[in-house]
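Both of the next two complexes hold chain A, though its partner changes from chain B to chain C.
Right, the complex of A and B next:
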């Protein structure tokens, strides 16, 4: 399953459009600071996607960004729970869980109870719920290994799994996060960077429509930094969506052969 | 399309997929009389099996096992604990089998699968009774410190023969397990020797190098479905749901019987059928041993 990235274009780092303005910041006393995995501040980890990871599901996808590995299965549309009220539009049900060995210390994954609701909120705007009235679509994610930026990877992977299941969406949903460490913005942070961050920013968007479905800013930020961070994330999101799209195209072309 | 009046005529009128859904048992019996299964396998053959070692970087030992589309991910995390008074020079193994909602449409969050604790118990029984692992090897300082091995197995895709795949991933994870080097620090506590300062070990090094467990008599299993006089090896989820009598035989690498499960089911297993299942398992054990050896030798090359 741990396929080798590199067959498809897998880097989605934002392009250095206004790099010139930022450069002076790096030229101060922090030049010698390097990221633990040797990446540039605005360089993302290689992204690897594969659809159809779970045969028992209606649709599924596996994503691997560095050491962050997740599987998302989609079931349905299927009958809603009996206790549910009648609904003209479909329901979306999301759940994110961690394996006990996902985190460095055993069983830390249960700290992320908010991820299920975050996943739901970032997807519900993209799915055309009117197409499956009275029924429920279940999106279940399992983080096999947590290597940082878990939630954005889960969200992107989930939208790919939904596409694999043939659920109608306005657009693919891509998600990228960013950490603010001192004066620097590091994109797609790993676990270590996330633990030291002064502030975090997560953008979930539909790149083709240029619509943001979720924006979360935590910690200490200045307004210019937020603007800069948002631009970086949006740029990376649109590139990430291209990688996701090429993964879907690849899957259909191999199934036709 | 008009509705045919008698189910006897249906086979010629409805298409294969509809017939399969409406009359699953008759669909299978038609195949069985021809000694073939809907997926093209002969009755006694197991599905393609693969093992990938080291799938989880955050664990000391891990393996991904696939039998057909049934997928299991097993990982072992090691922690230092104080051994119990009864066995001061033995470590401990805790085995847990999980079926997260991603693996099957029948599992939903908050409503776990009934089979998960059953498989979990079978796995711990099998691994402890096979004597594969010498718990004394997990001891660090007698009476003071020993290793606690947490083995967690996650079912990523459930398509029948869950126990077989889970056991295979578990033994593969143990064969991949590298016990970290640890030493005793000045406070009498065990500390892990990290890679960077590995050169200058303290004088109280407990085990100086990372080591592997010696596995003797590895258990391998095969699940068979019994239906009338037919024995189907390595059933898919569909086969398990239609024909409910299953027999699981576990043999170790010297062909000794470790355990045998026949959890109820409408078909009574005659002794001859049980013997046939054991014979099939013996063949399968050799196949699995070869696959595991190949996976391990592949790791040594890297």
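Right, the complex of A and C next:
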């Protein structure tokens, strides 16, 4: 499942500097519990990426974070539909859907409109749309198994698929979410934790440029808490981008051999 | 889409940079807010908010329903926004649908809190009649009558006004029902319970044009934005939800700065809105 050992770290947990802040949080509230999958609060699930999952697509990627499994294919740039107006920059069309068996209760398998628009908004800032005028790039994401933090995994995986398709981007887009449970911040929540969360925070960013392309917050947060949450997520994002980058390098080096 | 000439674009951007916008406002000044309550007699509560040419109506309808088994002690609230093509031709078909979903999701994020119900502006546990059996379902429907920018803030304010206008009928539960039976209820048509709306946050959207941010942007100004952040802040100064629009990336420190500006602006907006709502309610009682 996981990548080859030794080549790159498979986890993208924030660096130990944050663990200094973490200890007092535990003691002061006396609410220390073990997460259902045995991780620490600030420990992410191992990330696994593989590009070139679909042959027919111009670029594709498969991502597996714990039980969350998604596949993203990118088609294009190809001619825009005839009905579309002339545009001197390229168009990005995103669609996120779930398989009927992705969720514990059998789903509809239809397009998830909210996630589709979030994916679009996260990626459009990173893609250099000027490079393919009059054409459309289609990004189709399919969640094979929903295991929590679905949207961040879809976004990261989609940016990898775009890179695999050779579409010019300012930077890779990495995304990490975080749940607020009681007074603790839990990074990369699984489905169970997400359903009980008091609040959630999702960041998508371009780590090399240090720019946030999308940010959503739900629930009640104080400013210091938002600060802490954002720092944790940004740190994790930059580590996740390293894993993504090494996956791309691996793919090109094997194809050259 | 707004068709603006190069000169007009420069005029808007230059004005914002010099802290005097095309309608004479400063960067952090709202347009005058006009509140009317009780505009839809069919609903349990309703309000109409006008900010400049932006005109929205929000209604609240309450129906008795059954709480979901996961949260037996909480009522249900659903928020839906309709962007009618009568407001602008671009709302027709898919464009309106996309905007409607985007606004609905942003409002749900701001008003309903986390999945566990913590931090919700509307106190869901006050909607329960009999735990696990009967609760009130609130349907909050909003209509965009006319759009001239800053829809989200106006919708947030309209929902707050509509909820403070809402009267929920008192319910008498017939004694004697036991076990799994659904108890019989008697809905009073004279006694109404008022909602506590003091915890409901206001939404402040900061639109970034050039290097500066403005509040309450008009459509013309919105067309010049690089990105916008909508932040909902409650009376305690806590952030209850945050949504970003626009594709351009932002430095994390700018995001934090925008949050602190929004908190500052929200205090004034909250006070102004409260007094406007109180005035509208008083005016309605007289007439």
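Criterion: the second predicted complex is superposed on the first by the 236 of 257 C-alpha atoms of A that agree within 3 Å, B and C clash if a C-alpha of one lies under 4 Å from a C-alpha of the other, contacts with A are read in each partner's own complex, and residues count from 1 in each chain.
Definition applied: contacts are C-beta pairs under 8 Å (C-beta built on N, C-alpha and C of every residue); 3 or more make two chains touch, one makes a residue touch a chain.
Computed from a predicted structure; not experimentally measured.
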{"item": "Chain C versus chain B on the shared chain A, clash or fit after superposition", "value": "fit"}
{"item": "Touching partner for A:60 - first (chain B), second (chain C), both, neither", "value": "first"}
{"item": "Partner chain(s) touched by A:234 [first = chain B, second = chain C, both, neither]", "value": "second"}
{"item": "First (chain B), second (chain C), both or neither touched by A:104", "value": "first"}
{"item": "Which partner, chain B or chain C, touches more chain A residues", "value": "C"}
{"item": "First (chain B), second (chain C), both or neither touched by A:142", "value": "first"}
{"item": "After the two structures are overlaid on chain A, angle v-u-w for chain B, chain A, chain C in degrees (C-alpha centres, nearest 10)", "value": "110"}
{"item": "Contacts of A:251 with chain B and chain C, given as first, second, both or neither", "value": "neither"}
{"item": "Touched partner set for A:226, first chain B, second chain C, both or neither", "value": "second"}
{"item": "Partner chain(s) touched by A:198 [first = chain B, second = chain C, both, neither]", "value": "second"}
{"item": "Chain B versus chain C - smallest C-alpha distance in the overlay, whole Å", "value": "11"}
{"item": "Chain B residues within the chain A interface of the complex", "value": "52, 55-59, 62, 64, 69, 71, 73, 75-77, 79, 96, 98, 100-105, 108-109, 150, 152, 154, 156-159, 237"}
{"item": "Contacting residues of chain A [partner chain B, same complex]", "value": "1-2, 53-57, 60, 67, 71-73, 75, 78, 95, 97, 99-104, 106, 138, 140-142, 144-146"}
{"item": "Complex contacts: residues of chain C adjacent to chain A", "value": "70, 98, 101-102, 105, 109, 113-116, 118-119, 229, 234, 238-252, 255-256, 259-260, 263"}
{"item": "Of chain A, residues touching chain C in the complex", "value": "113-114, 117, 121, 123-126, 170, 180, 194-200, 205-206, 209-223, 226-227, 230, 234"}
